[in-house]
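Each of the two complexes below includes chain A, the first together with chain B, the second together with chain C.
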Partner chain A sequence: MKTENEVIKLIKEKLNPLEVNKLRAQNLAVKLENEELVSSLNYLKSKGYSHLATISCVDWIEDNEFELVYHLFSYEDKINISVKTRIDRKKSKFVTIKNLWAVAQYYERDIHDFFGVEFEGNDDMEELILENWNDTPPMRKDFKTRDYVNEKFEWREYHGQK
Partner chain B sequence: MKEKYKSSKWQEVINWAQKRSLFMLHYCTGCGAIELPPTMTSRYDMSRFGIGPAATPRQADILLITGYLSTKTLRRVVYTYEQMQDPKFVMGFGSCTINGGMYWDSYNTIKQLDKYLPVDLYIAGCMPRPEAILEGFLDLKEKIENGEAKGYKKYKEEYEYYKTNQKKVLGEVKRRQ
Partner chain C sequence: MKNLNGGNTMDKSKMTEMFFGPNHPGVPGNYGINYFYEGDTVVSAEPNAGHLHRGFEKLMEEREWIKNTALVCRICVMEPDINEMVYAMGYEAIGEIEVPKRAQYIRSIILEMARIQAHIFSIGGNCGAIGLYTAMHWGVLARDYILDLFEEITGGRVYHIYIRPGGVRHDIETSTFQKLLDLLDDLEKNRMPEFEKLIFENPTAQKRWKSTAVLNQEDALRLGVTGPTLRATGLEHDVRKLMPYGAYDEVDFEIPTGNNADAWTRMKLKRDEIFQSINIIRQLIKNIPDGPVSVNLGNALKYRIPKGEAYVKVESGRGEYGYYMVSDGSLKPYRVHVRGTSTPLGLYGVEALLPGTRIEDVPVWAHSLGICPPEFDR
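Take a look at the complex of A and B:
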């Protein structure tokens, strides 16, 4: 069982991170270049971080970037690591990690639903949660939910007022 | 039933009998579902009023829409409603079914239930307490006895209107190969 500081030291030695932070007890955040990500995840998996809890995505619209966050957990160290990488928002393309964790296929499908990010190598990109969606992906910051609702649904009128 | 029996004395007897034996489909869509267990069980005990829970749509009389409906759930609710046998009554529960409630600007929930299903009665509130549900049930029973709860007939007559609205938000079913 390793402590947070030992894990930080290990990451700094073995990987090539842009930034490593201890967020709070049992929670670390690692920022990585795009190219480094898959090999780093592979390394962390071999060191006991075998549980991929989820993959999340953050829309940094002002930086014109999406941030993909891979949440790993180790049952030995009892530590969460959030492995982050930023991709270009316009291209919105990244590589799949379904070869490392089969479950990633579904997380990637989910992100494709809500952010429109493509994952190369994962060709099962059918809609997972949404149905018949043909607008901007709804969790993108530039999706105008009010306009969409105005167009698709009708407001109830109260005494002639909407 | 033949036309001549409608609104006759015989129909009144049928209405009287119908209102005394109502089965509510236990199909929960939104957060309002949490109010149903106390309504059904010993604390408020809706079986005092002749209303019981039913497990399947084919044996149920009341479809209670308990809260917000996402478009994806609406498709399932429509399937469920069309499986139910006549006479059937729809009750909209909570402000979400009336005007969207707190999901008024959500891209994924419907705003007015009566555009998609014929609602006989709304219970307002966010969310209504079991007392309000029971009050709603009593009102529904009164409507049934007076022959005013004709939602299922309206659904047949204005089938095109409901289908157009449903298709507008749902689109056609796409099946996975």
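Take a look at the complex of A and C:
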């Protein structure tokens, strides 16, 4: 069992992170370059961080970037690591990690639904939650819920009010 | 929907396509499994999710921090308090807010009550899946007594909106604690032995659950499955012990485990966990300290925390419930991502693990693995 500081030291030595932070007890955050991500995840997986909780995507519209966050957990160290990388918002393309965790293909499909990010190597990118969606992916910050509603649906009168 | 048989090279003439759900008494919620079967065995399956998508994550970005407490509990009907707790924990982690001791104790009591009702309901639901409707109704009844207490404490039966950032909404009366203890006594002495006779000594339940819906340890770890499903494979992993929250580091309890990894083992674990929860609540009520039950965070509509992020998790009745929360320092959350417990099993698990199951066992598979569609449709 390793402490947070030992894990930080290990990450700094073995990987090539842009930034490693201790957010709070049992929680670390690692920022990586795009190219480093898959190999780093592979390394962390071999070191016991084999529980992939989920993959999150955050739309940083002001920086014109999407941030992909991979939440790993080790049952031995009892530490959560959020491994993060930023991709260009316009291109919105990244590589799949389904060869490391097969379950990730569905998380990636989910992100594709809601953010429109393509994952190279994951060829099953059918709609998962949404159906026949042809607008901006809904979780992007520039998708405005109310505009969409006004455009797609008709306001009906209800008790004399619109 | 895409062609279900895409890539499948098996003889199509022998197989029949079946749409299981989205409206079916055997599925837990509006969620479908589309599968091909040959004889009476499933050969390939695909999840058909999305019927319950209500856009929670988007809605949360458009509401002030406090307003979301009334929203998150609706993400999973079975685990409302768990969602409130994770949300509050995320807020407190980013804002570095210290929650008073008494609030932590009350939160843990509420969470354990929630666990008991979820387990009873789940055991009842599993009985429904194999046709033991009496046990199902008994499960609903036993759960209702706990909901009565929830109503007394919070004013709501199913959705409580009780745990909020900074503590809990208000204190619990001593007389209510006494009612809770009486209820636990009744549960332990009367109801659980009845369930034992009705369900666990029932030959039908044993035949249908034993060796059904087996999920081995390797697959469970590979998929990121947690909770009783993982513990049924012999591992003692529980978020309450791994990353203690609430008052769990101050109580003494055991983590029941099993070895056969089938539906039967999972049901027995849930039964054992009910006894553990009863034990935890008794300890918490005995040792509960006095003091405030929340910290003053100012005007509720003007809650503000600094920039930051947190991945927080809680042990729900079915395993790890996680939220990834990001704050940009404004009045509303910048991003909240919900990791429902059954996400890996309900999506990828159906494709990878369901094939090989008999048609009649598909409801047992879905119920005993705790598939809860609203949490991955969100």
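Quick note on the criterion: the second predicted complex is superposed on the first by the 157 of 162 C-alpha atoms of A that agree within 3 Å, B and C clash if a C-alpha of one lies under 4 Å from a C-alpha of the other, contacts with A are read in each partner's own complex, and residues count from 1 in each chain.
Keep this in mind: a residue touches a chain if its C-beta (ideal position, glycine included) is under 8 Å from a C-beta of that chain, and two chains touch if they have at least 3 such contacts.
Since the structure is predicted, the reported quantities are computational estimates derived from the model, not experimental observations.
Undergrad: Looking at A:Glu154, would you say it contacts chain B, chain C, both, or neither? Reply first, second, both or neither.
TA: After superposing on A, A:Glu154 lies in contact with chain B but is clear of chain C.
Undergrad: Between chain B (first) and chain C (second), which, if any, makes contact with A:Pro138: first, second, both or neither?
TA: The answer is both, since A:Pro138 touches chain B and chain C.
Undergrad: Between chain B and chain C, whom does A:Lys31 touch in the aligned arrangement: first, second, both, or neither?
TA: Neither partner.
Undergrad: State whether A:His51 touches chain B only (first), chain C only (second), both chains, or neither.
TA: In the superposed model, A:His51 contacts chain C only, not chain B.
Undergrad: Which partner chains sit in contact with A:Asn80 here, chain B, chain C, both or neither? Use first/second/both/neither.
TA: A:Asn80: touches chain C, not chain B.
Undergrad: Looking at chain A, which partner touches more of its residues: chain C or chain B?
TA: Between chain B and chain C, the winner on chain A residue contacts is C.
Undergrad: For A:Val69, decide between first (touching chain B), second (touching chain C), both and neither.
TA: Second partner only, chain C.
Undergrad: Touch test for A:Tyr106: chain B only (first), chain C only (second), both, or neither?
TA: After superposition on chain A, A:Tyr106 lies in contact with chain C alone.
Undergrad: Does chain B (first) or chain C (second) touch A:Lys2, or do both, or does neither?
TA: The answer is neither, since A:Lys2 touches no partner chain.
Undergrad: Tell me which partner A:Lys22 touches in the superposition: chain B (first), chain C (second), both or neither.
TA: So A:Lys22 meets neither chain B nor chain C here.
Undergrad: Taking the two structures together, which residues of chain A meet both chain B and chain C?
TA: Correct list for chain A: 126, 129-131, 138, 143, 145.
Undergrad: In their complex, what parts of chain C are in touch with chain A?
TA: 2, 49-50, 53, 55, 57-58, 62, 93, 221-224, 226, 235, 237, 242-243, 308-311, 313, 320, 322, 324, 326, 334-335, 337, 339, 343-344, 347-349, 352, 377-378
Undergrad: Taking the touch rule as given, give the residues of chain A at its contact with chain B in the complex, in rising order.
TA: Against chain B, chain A makes touches at 126, 129-132, 138, 143, 145-146, 148-149, 152-156.
Undergrad: Considering only the defined contacts, which chain A positions touch chain C in the complex?
TA: Going through chain A, the ones touching chain C are 23-24, 26-27, 29, 50-54, 56-59, 69, 71, 75, 78, 80, 82, 101-103, 105-107, 114, 126-131, 138-139, 143, 145.
Undergrad: In the complex of these two chains, what residues of chain B are touching chain A?
TA: Against chain A, chain B makes touches at 71-72, 75, 98-100, 104-108, 110-112, 115, 168-172, 174, 176.
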